[in-house]
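Next, two complexes with subunit A in common: one pairs it with subunit B, the other with subunit C.
Up next, the complex of A and B:
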């Protein structure tokens, strides 16, 4: 160990550069992990964390709430589905609003008819709306003029909505989101566009009858018409356009970053070992056991990976508390632990190639100069 | 220089691992850049196609077409403003379209545009009920002459021509006259209906530069505001945030490339210290030796970049349409290569100090 530390202290630039490179790679991986999770949560959190077990879109909507329109015929058809317990309307629109800070900003308004069919599943603070003009907001937006008790004004009509409750992770489309009673949603649409007729519901929220699973209800509703597209809550979130694209894109990015780390670490220790092969042979010739030399090399690799990870973590931690536009990042403990294990295994594993080279050193080469060939 | 290049040719194995690592980093750079370009292309194409100087929105619209409404009085005021030559109405609605031959649940995402003035690559509006379709829709099976049934009301629109790079919000554009667009809107989106004469936005051209046109429009009318096309593109939700985030990630990746190159050539320099001592002893200057290192770093980077460019192009061909919004362009590849070359030169400079410190007398000692 002494030899390993001594070598590192004498070659600060080389070991330092490797540590910095690993640190930055770790930082990028963790940051992008937070970015991916934050993006998905702010994109479809309102779908994932609402109460309705089944959402029924029109096929025309292509699984986008705002793009879906449920015509009266389709709505009537859904009520005839086998295994249907209860059904309610959901409407969604994006509005320009003045928030409590006096800023004009975009806000998604989701209107639901029944609390058990479309409201946020849990509240972090406050209560559900009881009267007209009340809303549940997203706690992620609370510091951005959408806090408890704040009044939001829909422009240009001046229609006011007061936030009486906050829920975690219930944003839609990566922006401020308000859950209101369905009638408030209709009023908001008509106030923002005086030419608008009565808006049709965008989706229907459905609950299965007792003894029927959400999956069975989905199959029953989809069997009624090719124009209906029923999905369970989690499928509706996962199959929102863009979600799969985001996940696939990040998968490729993580794979590439994951490949760079063992390559850099492995190359470094291989070259170092090659450069020291003369000295290592001499050490072997004077009686140093191969195990001690390998342990020394692995000790260096462990130290470098730990130091690199610590640097990456130190850069990531303050950034993980920040907000990127409408996306709230958060410290991803699971990702930090999982990536630590993956990178540790990859980093140390790649240095084993160098260790193998050490084990192959023949002490007799010290007398023939073979180590330097 | 010759010596450095000869070493590369005679002992390529020495540089293979570094080239592989740099190739991976170059693939990352080009892939991330292509992803950014793809995302921006899918959301901004329709605005980039505008040849006008400015776009006019209503005050509370937050530059969203879907929330903007320009009344006939606003339009009249803008049309009569000094510094304004030409004004055209513009509107859009996002819907699903049934494509002949596709399954009943296999719809294409379309942005139905209504417009009055020709755009870049988009001729004057077609006849009522017809549309120029974005080439993006070919991936959904759309063909020339197809009658698409748009929205839940199944409004028929016949494709009479192709336009390219006019996507908006991830949807392929269907460019129609204002009347057809208004009909599609009223039949399919009762919540977004606009009265006759009302449009979502105006495109405006004038004799001056775009900033002058914006100023002229803003001075002529209250209740609306104008943006240059570039500003309107930046106002599309997510465009600025995406660009900033991706550019920061790309920046850190370039720094990683720099550190990796620095590390590799630092190791290489240590290995060759004795050799450099001999070279200096026979008269080689530090500048020449360092120049050789830079040449090697540049060559390794160029090879890695070339391999990476091929890999990214292959990746682009293998990715099924609609899965990952990757757009690989020559300009993105060139930009990535330039950034990597800068990183290579700076990275190899880390070894300069060690090269300068090599004592020619050490050749005698060894």
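Up next, the complex of A and C:
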């Protein structure tokens, strides 16, 4: 590796620039992975991280909780489904509230009838509601007047809700979100609009009986009526309108990165191989096996990919813990591992074009000076 | 008598380019003794470089046999020729001779890196050669920081690093002025003679031949003694 290292040490700027360029690409990729996941979590975290394995919408609702309405007939029908273990109501409303900082703002209130069917699956702090007027809030909103112990006032009625617990990643529609008991939800709706009567539930939360999978229960419920749209928890999150479009957009961006990386590394090694073809020809002529020269090139490619990845990771790690607007970023371990493999394959793979060029060098060129051209 | 450094018998080299055939060497027979320095003189295009390339295992002959230091290389494939060049011959080429990103000392040491590494003995040999060639204080300089004569001396040192049977110098002084050229030839002669190494020195300058033991002329690929 004498040749590889000597060359790199004599052309630090050139190799340094490539390494930094790769580092920036890695940083952008990983950062956007965090951004994508953070964005989706802020949209549908409340669905993904609640306890019910199955959610039943009305077909009219088009997979938006607030747009779905479960009539008493449909509710009755669902209770007859084969393989149903348990079922409970969920209601969702958006209210104008005054938060603990005294600001007027909108907030989403989700009411669940049974803790195991619609409450946040895990608490980060505090406890679940026990009495009327208690709620679990989203930890993302804790600094924005929705902290533990804060009291939120629904306007204009003055109905008060106190936050007694906080959960991570349980926002809906990227805004402040509160989980309350179903009766509290009904009370909040009636306080805001006394003429509304008793609201109908928006969706039903269901759990399969023992030995029945959520998928089987979904099929059974959907078989009952054309007006019912049952989904597993993860399908309900992924098929919320907008989620697929966001994922699609990011996929295009990642695909572009996937094309840029091999172009950058491949062209770099091809160019420097052309530039030093005189030296490579000379080395072949004085007895360097072609294999040795290729190994040296691949060694450089490996070093640069590793160093570039380290730079990208070093930039990404501190930023991945931050909050961006209302979006909580996370260190995406899976993305870090997957992209390390992708970068390695693309980086090394693309330098094989230069390696092929090295293998084709004819040492006879050293005698004519043809390699000088 | 010990084995000659080079025995070429009836060597032909034909370059074919499409329908055209160029006979670059025609029934060339040449023997170079163990520590003999042979001047190869001829006009441009007469086949001097071709002969050196075949003797050094860079090029394969179309016909005939080539034996270097007792090793018959006529039937060698690419890999065997590479190993042969690594161990048995030294080259000083007409044009590119040094690796631009290696300093003078590293241009010598790279020879040791190509095959089975010797390490310290090779480093000692490189330092001794640089010293003999008057380059001790230029060891750390990159080729771009060396003059034409200094570069040529580094190339001579490089060609001797693998303790070759035969060193092939292709117009080693053509890029130097007369005085520098003569200094380099003196150096070549003393290095070869002190080691007992054979050499072929290609030139078209008759003054250079004085530094050689014997002169062989070549015209249109045909060899003829003086």
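Assume the second predicted complex is superposed on the first by the 342 of 373 C-alpha atoms of A that agree within 3 Å, B and C clash if a C-alpha of one lies under 4 Å from a C-alpha of the other, contacts with A are read in each partner's own complex, and residues count from 1 in each chain.
In this text, a residue touches a chain if its C-beta (ideal position, glycine included) is under 8 Å from a C-beta of that chain, and two chains touch if they have at least 3 such contacts.
Everything quoted here is computed from the prediction, not taken from an experiment.
S.K.: According to the contact criterion defined above, which of subunit B and subunit C contacts more residues of subunit A?
M.R.: After superposing on chain A, more of subunit A is contacted by B.
S.K.: Give one of first, second, both or neither to describe whether A:259 is in contact with subunit B, with subunit C, with both, or with none.
M.R.: Only subunit B is touched by A:259; subunit C is not.
S.K.: Can A:94 be said to touch subunit B (first), subunit C (second), both, or neither?
M.R.: first
S.K.: Just checking: does A:7 make contact with subunit B only, subunit C only, both, or neither of them? Give me first, second, both or neither.
M.R.: second
S.K.: Regarding the shared-chain residue A:245, is it in contact with subunit B (first), subunit C (second), both, or neither?
M.R.: It touches subunit B, and subunit C stays clear.
S.K.: Counting only touches as set out at the top, which of subunit B and subunit C does A:210 meet: first, second, both, neither?
M.R.: Touch status of A:210: no partner.
S.K.: Between subunit B (first) and subunit C (second), which does A:363 come into contact with in this model arrangement: first, second, both, or neither?
M.R.: Touch status of A:363: second partner only.
S.K.: Starting from the residues of subunit A touching subunit B, keep only those that also touch subunit C in the other complex, and list them.
M.R.: Residues 11 of subunit A touch both subunit B and subunit C.
S.K.: With touch defined as at the start, can you tell me which subunit B residues reach subunit A in the complex?
M.R.: Within the complex, subunit B contacts subunit A at residues 17-18, 20-21, 24-25, 27-28, 31-32, 35, 58-62, 64, 66-67, 69, 94-96, 104-105, 107, 109, 151-152, 170, 188-195, 198, 237-238, 240-241, 245, 249, 252-253, 255-256, 259-260, 262-264, 266-268, 270-271, 323-325, 350.
S.K.: Taking the complex as given, what residues does subunit A use to touch subunit C?
M.R.: For subunit A paired with subunit C, touching residues are 2-3, 6-7, 10-11, 276, 278-279, 281-290, 292, 363-364, 366-369, 371-372.
S.K.: Any idea which subunit C residues touch subunit A in the complex?
M.R.: 49, 52-53, 58-59, 79, 82-87, 91, 93-102, 106, 109-111, 113-115, 142, 158, 162, 170
S.K.: So in the complex, which bits of subunit A are touching subunit B?
M.R.: Residue positions touching the partner: 11, 13-14, 17-18, 20-21, 24-25, 27-28, 31-32, 35, 58-62, 67, 69, 71, 93-96, 104-106, 155-156, 174-175, 189, 192-193, 195-200, 226-227, 229, 241-242, 244-245, 248-249, 252-253, 256-257, 259-260, 263-264, 266-268, 270-272, 274-275, 324-327.
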